[in-house]
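Can you read through this structure? Questions will come right after.
Chain naming follows the written order as A, B and C, and within any one chain the residues start at number 1.
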Amino acid sequence: MSVLTRKADRIDRLADQHGLSLWQEALRRLRRSPPAIIGAVIVVLFVVIALVGPLLVPHDPLSQAWRGEISEARGAFPGPRAENWLGVDHLGRDEFSRLIVGARQTLIVGVVSTLLGLAVGVLIGGIAGAAAGLGGRAGRFLDSFIMRIIDMLLAVPSLLLAVSVAAVLGQSLATVMIAIGLVSVPIFARLLRGAMLAQAESEYVTAAVALGVPQWKIAWSHLLPNSVGPVIVQATLTLATAIIEAAALSFLGLGNADAAIPEWGVMLADAQRYLSVRPEWAIYPSVGIIVIALGFTLLGESMREALDPKLRR
Amino acid sequence: MGRFIARRLMQLVPTLFGLSILLFIWPRQLPGGPETALLGDRGTPEQLVLIRQSLGLDEPLIVQYGKFLERLARFDLGTSISTRRPVLTEFADRFPATVELTVTAMIIAIGLGIPLGYLAARHRGSILDQLSVGWSLLGVCVPIFFLGYVLKAVGAENLGWFPSTGRQDPTIDATHVTGFYVLDGLLTQEWDASLDALWHLVLPGLTLASIPLAAIVRITRASVIEVLGTEHVRTAEAKGLTDAVLRRRHVLRNAMLPVSTTIGLMTGTLLSGAVLTETVFAFAGIGAFLAQAISELDYPVLMGFILFIALIYVLVNLVVDVSYGLIDPRIRVR
Amino acid sequence: MPLLDVSDLAVTFAPRGRPAVNAVDGVSFQVNAGEVVGLVGESGSGKSVTAMAILGLLPKGKEVQVTGRASLDGTDLLSLDRRRLRDVRGRDVAMVFQDPLSSLNPVVPIGTQVTEVLTRHRGLSGSAARKEAADLLERVGIPDPTRRLRDYPHQLSGGMRQRVLIAIAVACRPRLIIADEPTTALDVTIQAQILDLLSGLVKDSGTSLLLITHDLGVVAGLCDTVNVFYAGRLVETAKRRQLFGAPQHPYTLGLIGSIPRLDTPRGDRLAAIPGSVRDVLPWPTGCAFAPRCALSADECVAGPPALHVVDEGHTHRCVRAGAPS
């Protein structure tokens, strides 16, 4: 076991909590857990705002309609008033409308990058898991080869991985999403592989092998469906970190170069220059990020707890 | 124990090999190739030719890789595009600051996290437990740079208790020997310099500590709960041992295994966090330098940074592994 | 006066959102000085919970309720405060658990695990404690004890680990040792060695032994007095001779009947008790064993069965004892 597989071990241990059959009981327990309910309410609210909000905003988030009223030199920016509920930003755009539209963009960044990481991670982890579980010696070799690479990815700090990707691909929202997605690939791959390996050792898989069910079919219809639990939990938690990391990348200037499309991370980065004059420009998107991250985290942690057989009495 | 460490070192070889390959490929994927990346936009055609030769870009890849390894072995990380100084020198100048910051953060996180996690586990379901679980969840969700700004606004600007930026008050006449300002003050017996440097570390240290703190509290809590339920703790209780012995020898010692792993894993997060923290507090360390390098696309610095961090990460995990072996005799035998 | 006098002990587990379970209910028995007393019953019958309750080792909190008395030399252990109870544990009453691997701390050398009781209760420290620990290990039959002190539990075999636990138990010359299924987790060949060791040690030092087991064979070889548990209740208490000579309760009869014997004709099947310990009636309704009992009649479920005294030291709770089936 190499030093770098320690993190891997921890993920594998999470993967032990397997089995689709747990979901019914888990759902029952989730409904009785206050953190889960709070998390779910936050997430649903956020999704609703992101979906319908942009249709209902009072102003065009891109229009610099109040540009004439601001004076950067004097630090004079119109504050909250009837027309602009949260005032206007440094370019004379309606802050409230930008925040609402930014919620959609932030959700898109979080979801797309998570799905990206999930898709690639599940593909790699699924191949490795199926190979290791069913493929005999050649399969184990393929598995250990894949996992060595995954472990290496795991060793590179996430921000650094993102910086490297951004350096190659240039500055854009797509870069941010790819970078953040890449960071979560090894986590998903490890998790799924571990869960599938645990399944592969169970009796019913042995039975299926003995009955002569084709290997791809065992992998597809037994190993995979019974291993998705921890992966779904991790995806929920990853949504939270993805949003936070996107904000961090924007903060470092790696985010969307085209700041016209409002996104909370970019808004936060823009607000830095005006911290002494208008700290609320940084506070609004930050609080938004914190609340939504908390929502996904509460939901994910509650799901993990509900699915953990050890915590069930 | 010696053999155990040697074996662990051997296992590093493939990882480092893989990393070197990645680092070798990376600049060759950059737009304009490695030569533009290393020189920036300011490179003249003559310089371009020169660097192509020195990198051996016209030779077969394997030769290029050999030269690359040779430069790495000489710690030649190239020259920063923006400062025109060797990357290694830049790092050496800033390294102590980052170490001071991360060590401070780790001391805060471990010093608060382990007792808090232990107490939460011991009094499961109490208000203290719920608070520390809630706090640790929140801690993960607050972007570290936001926390930094809040702490700076409150602790430095509103209350005025702590300095808001920098590593040391420039008006203090401090002699710098090692570059570790706190240590320098102690070595030269300039107590005020040491104290001032320490004072400057409080807010950034707290900021950076927030994420490892949350993780350490949660892992400690979970693993203490697990250990408390084991039979050897019941045996120890049946022996009538005092609370102190029970806690130290039979609960915490066992519970520290996953905690030490977590601490090792936090290194990457901590270094990522240092980049953000140092930027917020204008703390002249490697992180702030990197943030600048990112915005200026200073590739040699970025590359050096990746290598550097990977090395630190690997070394810290080696230390964690060894400490793991020290705590758990079963690992050593395997 | 008996050394240990347990009277009307009851343990109720009431997990939140679940019905309460009376794991132990109205249990009374005595252990005299120098006596070996057995607690016998199927797994889940409340023997271990009884032992844990006596030493206050059950988890504390609203979910676990312990009532009754357990007096050691007149001091009620159940009402002692934590600090005084800790003085008793390991010094006056020591325990040996079932699984020797998980009962030893895997990351602490066994030497420390022996010396820590010596330090705690006998004030020995440093080389004196180590010397004493080595002597103890030697007494429980561990070869090369001085070197073994530095070993970790995983470096010892199962039998050796149980010997270490026994060494820890006898370290402070307690007046009572509670052994909870001390041989269940061991190989059959080692079980006899460990039992011999245990009985030899208590005989030499005049220590009382409370032996918890599901194995009547162990009881027959070792115990002076036997208490038979069924579903958290004591159904029969007797001297060894009385129990094997004239068992009264149908459950005891069933247990004895299920022991394989050399003199049964080949091909005969072992007599098994039908049903499982889960098919119980709540005690106020009647005899808990009634659903599995061949003798059961209406009177069995007409209320809790009264205590019948057969002979001196021989009691049982069966209203139909001796009735033809």
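Observations on the structure shown:
The rule is simple: a contact is a pair of C-beta atoms (placed from the backbone, for glycine too) under 8 Å apart; a residue touches a chain by one contact, two chains touch by 3 or more.
Just so we're clear, the structure is a prediction, and the values are computed from it rather than from any experiment.
The interface carrying the most C-beta pairs in contact is the one between chains A-B. Compared with subunit A, the chain whose C-alpha mean position is the greatest distance off is C. Averaging C-alpha coordinates per chain places the centre of subunit B 53 Å away from that of subunit C.
Averaging Cα coordinates per chain places subunit A and subunit B 23 Å apart.
Residue ranges of subunit B in contact with subunit C, taken from their complex: 230-232, 234-242, 245, 249-250, 253-254, 257, 327-330, 333. Within the complex formed with subunit B, the subunit A residues making contact are 1-4, 6-7, 9-10, 148-149, 151-152, 155-160, 163-164, 166-168, 170, 240-241, 244, 247-248, 251-254, 268, 275, 279, 282, 286, 289-290, 293-294, 297-298, 301. In the complex of the two chains, the subunit C residues touching subunit B come out as 55, 57, 85-91, 94-95, 97, 99, 102-109, 112, 116-117, 120-121, 152, 154-155, 165, 168.
Against subunit A, in their complex, subunit B makes its touches with residues 8, 11-12, 14-15, 18-19, 22, 26, 29-31, 137-138, 140-146, 149, 153, 258, 261-262, 264-265, 267-269, 271-272, 275-276, 279, 290-291, 294-295, 297, 299, 302, 305-306, 309-310, 313-314, 317-318, 320-321.
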